[in-house]
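Heads up, there are several structures right after this.
Both complexes below contain subunit A, partnered by subunit B and then by subunit C.
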Partner chain A sequence: MTSPVTTAPLTPTRAPAETSTIAQTWALSVRSIQSLLRQPSLIVPSLIFPLFFAALGTSSFSRATGLPGFPAVDSYLDFALAGAIVQGILFGSTTGATALATDIENGFFDRLLASPSTRTGIIVGRMAGGMAYGAFQTLFFVLVLLPFGLSIKGGIGGVVGLMVSGTILALAIGALMSAMALLTGSAEAVQGAFPLLFIALFFSSAFFPRETMSGIYGTMADFNPVSHLVEGMRDLVIEGVSASALARAILVPAALAVVSIALSLRALRHRLGAS
Partner chain B sequence: MRTDQAARPINTRRTPHSAAAVGLAKRSIVNITRLPSAFLPSVLMPVFQSIAFAGTFFAIIQIPGFPTDRSINWFLPLGTLMGAGFAGIGIGFSTIRDLETGFYDRIRLTPAPRSALITGPLAAALIRAALVTTIVIIVGLIFGARPTHGPTGVLFLYVAAAGIAALGTGWGLGLAFRFRDMRAAAIMQLTFFLLIFLTDAQTPLFIMDGWLELVARINPFTNVIRLARLGFLDAPITWNNIWGGLIAIVAISALTLTFARRSLARLSDS
Partner chain C sequence: MSETALPIVAEGLQRYFGSGDNIVKAVDGVDLQIQPGEIFGFLGPNGAGKSTTVRMLTTLLRPTGGKGRVAGFDIVSEADSVRRNIGVALQDAAIDPLMTGTELLRLQAVLYGLPKAQHHQRAGELLERVGLTAAGGRRVGTYSGGMRRRLDLALSLIHEPSVLFLDEPTTGLDPMSRISLWEEIRRLNNDGTTVLLTTQYLEEADQLAERIAIIDHGVIVRKGRPTELKAEVGSPTLFVTVDESTHQIATGLLAKFGELRPSPEGSLGVGLHEGPSAVSNVVRELDDAGITVRNLELREPSLDDVFAEATGYRLEGAES
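After this line comes the complex of A and B, so read on.
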């Protein structure tokens, strides 16, 4: 007796459709975002800590806003928002790169390389997830702090500008940390590099204006691109939308992104050559 | 056939408490050189924090009534206490590692008195905290910190650091014994971090506004930070600024070390 299954023709009715680069990247981006959402313990610190520091700073430094060198602001909270956004994105972008390093450690990255997906799609997909999270973080901080007295002089346009800036910054930091993940293949090494970002944040004008710093601190803040990025974002909040503010808020992270993407692609080539 | 081992009498002598405690303390200190990656953050972090905060928030000394004219004098004691706290909590981390690898079970099988499993690591934490404090002070002096009341004033910083290390050790060990895995590490760090920052860590109480001032006034850690800063501020050292910090250290250390002892007993019962 023959079963219908064994006698069924084996020829496929149609050839499997080759997925486009965009579809592959999209699928990997969705995976990246889902992996973040499924592990809230990884993303909660990047949402809570910046808010905690903003609240702490607002209560601690409210009288400091009258000091010489401080820009005219309604409250320290308005001043602190840009620093909180950058701080949150630094935290969050490291999480995405750590996940990439974990993929390398557990062999999933090699399986992706063995699949017919494009090489750049693998990296871009991971970064796209980080960019979406960066935009979400920016909006989250704005919405949470609004009831606590935050005022954004730039209005809706200012918020959109902040989100664009946050998204590009997430790309820049994500690419930089991904380069580290690709070079080392170690989640611990990526985490170990995080303090360097923290140092870049603290030796900038993220928490206090450059004009109030002196000596070597002021010089370091002057040369630190994070200072110029934060000041552009801050101007969108405390002064309103202007060409100068938008240029600094968007072009500085864009320049950082170009450099860090080049680094990460180079690291990818290095890894492909080694494997 | 006769074996020497079979003929040897079973050792029923109880290990003296001091010998066991010193042995455990030595092991912890030796681990600094064997696993520097676990200890270095507790040195580098307070050094970085002292310097970075002093530079970033340099301008706050211009606020009328600020108790020092050097921002590093204000932030150095805070950085030191953070380092001392993490020296204590670090003992909790290494205990978790020992619990996970099973080494701690072997320690518990030895005839060492149970209390030595607390006092040994405590001694190690105090030595680590003294080391961190000395390093932070030296780096702080290079970056412009100047003690205002000589060695006596600096001594208060060492006392406060030792107190924070002691309470950090109790808290770290207690949580390690309860959770027995790295979940405890996150709780240790987060609670310590919150308790330190919900004080006058960044600015004096009279400068604060709103909720933080209220929280900082009732937070006993505020008294400990005040004690630590005595030797670095322009105000005279008075008993009023000392006793609150000492009581806070003794009371919280007693509580956390009791918590650690009870958690150890519970670990032994399970």
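After this line comes the complex of A and C, so read on.
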């Protein structure tokens, strides 16, 4: 029973003893971005809808910028950018998690798990793809809206701050929705959970400043982390780079990310043990 | 040979789902000793526990109880080493439809840690091997069922595994695709790869496997070489066609060799108690009695009979 395996008459395999986790994670990230790009019907909404909302807001609410409590902005667009970015990333990250659920549904996830790649590499690859897409979305919204009168007080530094914030948010939401994907193994369940994210977005200061809200709506927006995140990002746009703005724009999604990564790792362990 | 040297060993492997009154014993104590270079067929209907057993042996599912060793490594405590040494093609050709065949092979090459310099060559070789060279640049979503299975097989061979798990590799395929996949599996086996394949097709198990296990309700009910299992079921049937006028005498003579069995119109059937060796005696007796034998057919019990005897029912659509 204790005879060493090397004496066994098995054909030796050529796989080296250690495989590179970095190379694996990178290849899986590339794959997740590729598969996103190959489904235009999935990425188009995550790029177009936020712009649509921003355009609609700018044409309808341009006079609202004069309301008491509204920050001093040159254009509603400056105000709307942060909300558009967050909205776009909510869409985009859900797409990534849906792809994970689809992998689970069609069995490709099992093929990955049956390979010697590390468990975390498989999940991180997915997340890294989503993060890259989040950074791209942020830059895309900024570049598209610039010709329409968007001005960013924070300048290049502000844009970089927005991109870091967007990237971390993509990780946080991606991990949260992936936890859902891992728990249920169903793309439909992931998509079904998406409206909850939208409720979180609408009950925040993404489209109107909290100062203009009252009652239960205002209270919910006060407690909603999305409000604080959006306001941090917005301050980078309309006030410039400050420690307070950066802290809210980055620490809020980072805290969310810590929680949601913990959740998705738990969900992964559950899936590996039970299914 | 010591057990650690065997490519696949299972001892009392169990997997239960649920708990309390709702417990489902998907696999309830499976023992396997698969020899190097063997094609072992795991035969059973849907839900019998074939896939659950394969998922445990390929480290995708933790056993509730029992032990397993694959390629010399424990499936729980040395799961990573198991994964390095096995090739796995799971049910329904699980591949991402958005990627091309070449991309999938290259991703697989990275996941199995092949040196980068080999990726291109290896992907090309494997595509050629399974006859997909022309389709390598196309997205898998455009492939036919047979092409997907062949690509799936190629993916599982990227690191030249010594042990290959194929979970229902031909389910849903047309006969031509099935035969071409069988040929590929035989070729791999000739090159020394040990293959465990699950199937719900009797013919597939009969054609490919040197030994089979029939699993039903999570328990192995028969195990052995197809020929031996068939022999265990009972004696072969001899069908004899003689002239109408000599039927009565012939029937009396045949009855000496075993019980008479139902036979097609115009012929007589007898279960040979002494097996195929009795045929020459039957012919001699008939000849001595002056009876002319027009036709003679010896039919062995089929795997279908083995299955029916072991489980009490016949697999749907089973070939006789």
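Everything below uses one rule, namely that the second predicted complex is superposed on the first by the 257 of 275 C-alpha atoms of A that agree within 3 Å, B and C clash if a C-alpha of one lies under 4 Å from a C-alpha of the other, contacts with A are read in each partner's own complex, and residues count from 1 in each chain.
In this text, a residue touches a chain if its C-beta (ideal position, glycine included) is under 8 Å from a C-beta of that chain, and two chains touch if they have at least 3 such contacts.
Quick caveat: nothing in here was measured; it's all calculated off a predicted structure.
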Discussion item. Which partner chains sit in contact with A:27 here, subunit B, subunit C, both or neither? Use first/second/both/neither.
Written reply: second
Item to complete: Of the two partners subunit B and subunit C, indicate the one touching more residues belonging to subunit A.
Response: C
Discussion item. If we overlay the two complexes on their shared chain A, which of subunit B and subunit C does A:273 touch? Say first, second, both or neither.
Written reply: second
Item to complete: Name the contact category of A:63: first (subunit B only), second (subunit C only), both, or neither.
Response: first
Worksheet, complete the sentence: Residues on subunit A touched by both subunit B and subunit C none
Worksheet, complete the sentence: Per the touch rule, the subunit A residues reaching subunit B in their complex are 52, 55-64, 67-70, 195, 199, 202-203, 207-208, 212-217, 220
Practice prompt. Using the touch rule from the top, collect the residues of subunit B that touch subunit A in their complex.
Written response: 44, 48, 52-53, 55-60, 62-63, 197-198, 202-203, 207-213
Worksheet item: Can you list the subunit A residues touching subunit C in their complex?
Response: 1-3, 5, 7-16, 18-20, 23-24, 27-28, 31, 34-35, 38-39, 103, 106-108, 110-117, 272-273, 275
Practice prompt. Using the touch definition up top, name the residues of subunit C that touch subunit A in the complex.
Written response: 2-7, 36, 55, 58-62, 71-73, 80, 83-86, 88, 90-92, 94-99, 103, 106-108, 110-115, 139, 155, 159-163, 192-193
